[in-house]
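Each of the next two complexes has subunit A plus one other chain: subunit B in the first, subunit C in the second.
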Partner chain A sequence: MWVRNALSSCRRHPRGPFHPFSRSLATEASTSSPVAPPESSLPQTSHPKTSQRLPITTAIILNRSPLITRTPSLFERAYYAYQARIQRALHNPFPYEFWFKEGSPLETRFRVEDMKRERKAFGKPFGMPATDAEGNVVGPTYEDIGLQEEDEESMPRTHAVDTQGDVKSLDRKGQRNLYLLIKAKSGEEGEEIWKFPEGGLQKGELLHEAAARDLTAVCGPYMDTWIVSRKPIGVYNPPSSSSENSKSFTFFCKAHILAGQVRIDKKHVLDFAWLTKQEMESRLETDYWLGVKDILSDF
Partner chain B sequence: MSSSILTPAKATLSFRVSQVPVRYAGRKPEASGDPKKDLIRRILYPSNLRNKPTPVGTWRPEVGHLLQRAIPSKQAHETIERAWNLHLRHTRWKREAELARKFECMRKAMEELEKIDSKLYMGANKVEDPRVWTAAELEKSSQLRGAEKRAFDWRIRGLFPRELRLPTDTPSRNGWDYQWKPLGESV
Partner chain C sequence: MSTSAAVIETMQRTVGSFRKPPRIRKPLKLDRHRLPIPHVKIVVGETHSCRLREHFHNTLQDDLMYMTYIHENGPRPPPQPVRLTYDPNNPYTKFRHNPPVGGSQLGKKPSPPSSPKNVIQLEKISLHTMSREALSSRSNLLGAIAAFRALSGENPGGGGWESSKGIQIVTGKKTAHKWKIRPGIPVGVTVDLKGPKMYEFLGTLVEFVLPRLREFPGIVLPPESTSMATPSGVSGVVSFGLPPEAMGFFPQIEINQDMYPKLYGMHIHFITNAEGVGAQNRARALVSGFQIPFARK
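Here is the complex of A and B:
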């Protein structure tokens, strides 16, 4: 049921009778005339003539998802602390004898830590250990459990490469979405531009298959990637400077990188970088950036 | 939980003392039997003699005092709640706006694809059932072993891979795996 809805939402309105084959034949006939080569300088692997028949290039938006959760803002932290204080005031007395064995070191440790939390939430008269008549402290104190702190140290949230600014590293900016950009020579002039990895489409191939093949061709097979869907997530047609009225289209497919790293041969691809959306703006050409920016995640 | 209120409240309480209607009265614990069961019974069914607070919350006399200390005032609390809801609303709008932009890009792409090449369009619209394995895939899976088999089985067509991790509070000890090799090129 939802399949039909998805299909109908992708079609234009109103719908007439659907003629798939006549339309594809029309497309092939019009593009059999000489067509400007698509916007890519990458090696066409086996059938150069047939891949240039369709003015379609497939590009991949390879995304490294966030590795760590987002840092809460100051307001969020303050609100969470406020709610924790209210909960601490209102919740039922904690049943120590249910959760801990009577007098066990774990119970001692929990009691001391809880006093500390209470002190932090409400201030000094609360959460102070009880004192008897002479003013001596009764019950366990922090010093009793001091040497038992054997918590595993977790890794810090910022990596060393964050300070170094190494844009090839995949550990950088753990909270953000990173996207792969490639620096390659474009067109006949040979100027080097940054863009997403792309390549041509072969006969009989679907978009996502072409995207996978192009990715291994451009970036090497030493990456564990997963292409999310058969459907393209965006399209870019550059303002065509060629005299023929053939436009070229670049269809973007989304993929995730799960492990590995890019390995480029320096002949066609000069450089690569893993960048956030904001860092990309300065490197991409204006038209390309405007065509691509809505596809990417802001954070 | 400490009920260490050092100074009793001077003003009369405006908060209702938290009460839950109960039917069983205080009773002597049954000394026979499993101490664990007795403990559970004592926790779940406390006496209703109203002389001290209980874990199940049948009688909490100090709630009013504690609430007065926890929140600045009723008006301040309401303002904080409204500010929080506003913050949530704004983050929700931002998230929805981003999703709408992305969906619009996708819709335009599919529209262009339909105009250009309908075979590709039909191919892109095909829905893959993750439950169905072709005969070739089944045979390949039966021939693989160990890490290779796991790597193959975890990539089900039409479903997300198992290696896709959720973000955690701190990163993993080993960091990113840069030494990944494709199937058939182990070590």
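Here is the complex of A and C:
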């Protein structure tokens, strides 16, 4: 039910002073009843005393997309190798004369490399240099490109920071989706909790505009980000605010980091970390985790 | 860390050599080409994972769902019953055609409700070229066929896939004296790419061809004032053309460009599953996610 209320509170108020945007955009709710303002953790986003605090905060799910492809499992690799063998066994004869000039070094190289692939796929009698009736070798042999052969080594699929256990680097876990979490003091007790960067909504401001402003306020201006859509991708209602007169809602906006890095202001934010979904569970509070886990990517 | 160690271990383990094939006790039956007929229908599956498809599933799909989501309150109302102009019960007007009330519905088809199930995705890429020389002699089409085979790697029934149609020849449909086209004469070639080959072509296009084109700002968008209420606006297809010199930038052609009689320009259509109002914009959002540039004049 509260989700419904939250959505309806996002709808443009018919008597509100702020009209220029269409209904599909999420705008602030203009509440008529006095509501206890939730504690804002960030002084940058605090409002002037005249404006009324709103029970809505925006949180930004800042994502670093995978940088490299996923390492296939052993089963997948066995499947691919099997299919490659079938394809190699069944393919049409390769028209060398169409693709290469007769006797060119490129052709020799290709033939030898193909012989290697053939031998790797099917075993020893295959992929050996061709011989005529007397047993003399005709065509290229492995020695033909022996001198110019250099083994091409692929780059390692794990970065150095993976072994160091550095959670602040954007190079870690290149195959995975990473998300930014910050550690900040919350509430009157001042306990330190991990959460997504968040901030308040100012009067007349749209959710995605507030998200952009809050992200700069919390994480600094030294990164390029892109907020994916104007619509929030999820909403969280903390259990402490379940009573009728102190309702508060956190709307999540998705963003991508394109360049740069987070630079936090040590006064307000204690720490930050780029984490996968699985690494987050132990850091987040149970309610918060249950609220956000379904909007994060499993891999 | 244990996970990265596991990754390294998985990478280092090689897929072991395969078992020896079983001894052949009874030879297989031969077909009319004297080739053995296998006991099972052999279909060649994927031989490697597809990078761009992974990118779509990891990143693009989520973002496109959020970007193209349109919120609706509850289920849609049932469509209004058509107000009949002519009463079919009246014997005098019984067989008259009842035109739909409310004007032309062209380009006004509503899009299906947004859901995680119908997030926009690329269904196929269609390449097409028309060769004017083929009108005088149909053998002039051979160069285009060879080039398209090298570009697409498609074969009719290739890899045991009956759905793969290969390169298809486009024939004239109507008489057009201005262009000397008559019904039935071959005028061009077309090929449809689907699945991993489609993503492979897209990757080649984006990484090898478009960056090397001279003065290519991107796919030119129509002016902002253009109405989207057209059949193409609701069909979810992004189309553009490449000049003949662009074909020489594809690595498959570049390596032995002199084997082809000439280079051919082509039309490329990115066909998506989007439909309804705003489908073309959604298709543009998807295609730009694969790094195809767009530009306004």
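Operating definition for what follows: the second predicted complex is superposed on the first by the 234 of 299 C-alpha atoms of A that agree within 3 Å, B and C clash if a C-alpha of one lies under 4 Å from a C-alpha of the other, contacts with A are read in each partner's own complex, and residues count from 1 in each chain.
Methods note: contacts are C-beta pairs under 8 Å (C-beta built on N, C-alpha and C of every residue); 3 or more make two chains touch, one makes a residue touch a chain.
Values in this document were obtained by computation on a predicted structure and should not be read as measured data.
In the superposition on chain A, A:L74 makes contact with subunit C only, while subunit B stays out of contact range. Comparing subunit C and subunit B on the residues of subunit A they touch gives the larger count to B. In the superposition on chain A, A:Y222 makes contact with subunit B only, while subunit C stays out of contact range. By the touch criterion defined above, A:F100 lies against subunit C but remains apart from subunit B after alignment on the C-alpha atoms of chain A. Judged by the touch definition given at the top, the superposed model places A:R213 against neither subunit B nor subunit C.
When the shared chain is aligned, subunit B comes close enough to touch A:G260, but subunit C does not. In the superposed model, A:K185 lies in contact with neither subunit B nor subunit C.
Judged by the touch definition given at the top, the superposed model places A:H268 against neither subunit B nor subunit C.
Contacts of A:R157 after superposition: both subunit B and subunit C are touched. Shared-chain residue A:P66: touches subunit B and subunit C both.
The residues of subunit A shared by its contacts with subunit B and with subunit C are 24, 65-66, 69, 76, 79, 82, 85-86, 90, 92, 98, 157, 228, 231, 233, 256, 297. Interface residues of subunit A, counted against subunit C in their complex, comprise 24, 65-66, 69-74, 76-87, 90, 92, 98-100, 123, 157-158, 162-163, 165, 177, 228-229, 231, 233, 254, 256, 297, 299.
Taken together, the subunit C residues at the contact with subunit A in this complex read 1, 4, 7-8, 10-11, 13, 15, 17-18, 42, 44-49, 51, 54-55, 58-59, 62-63, 66-67, 69-71, 155, 159, 255-256, 259.
In the complex of the two chains, the subunit A residues touching subunit B come out as 3, 6-7, 9-12, 20-21, 23-24, 27, 54-56, 65-69, 75-76, 79, 82, 85-86, 88-95, 97-98, 115, 118, 122, 125-128, 130, 154-157, 159, 169-171, 174-175, 206-208, 221-224, 226, 228, 230-235, 237, 249, 251-252, 256, 258-261, 294-295, 297-298.
Only residues 1-4, 6, 39-40, 43, 53-57, 60, 63, 66-67, 69-71, 80, 83-84, 87, 94, 98, 101-102, 104-114, 116-120, 122-128, 155, 160-161, 163-165, 167-173, 175-182 of subunit B touch subunit A when the two sit together in their complex.
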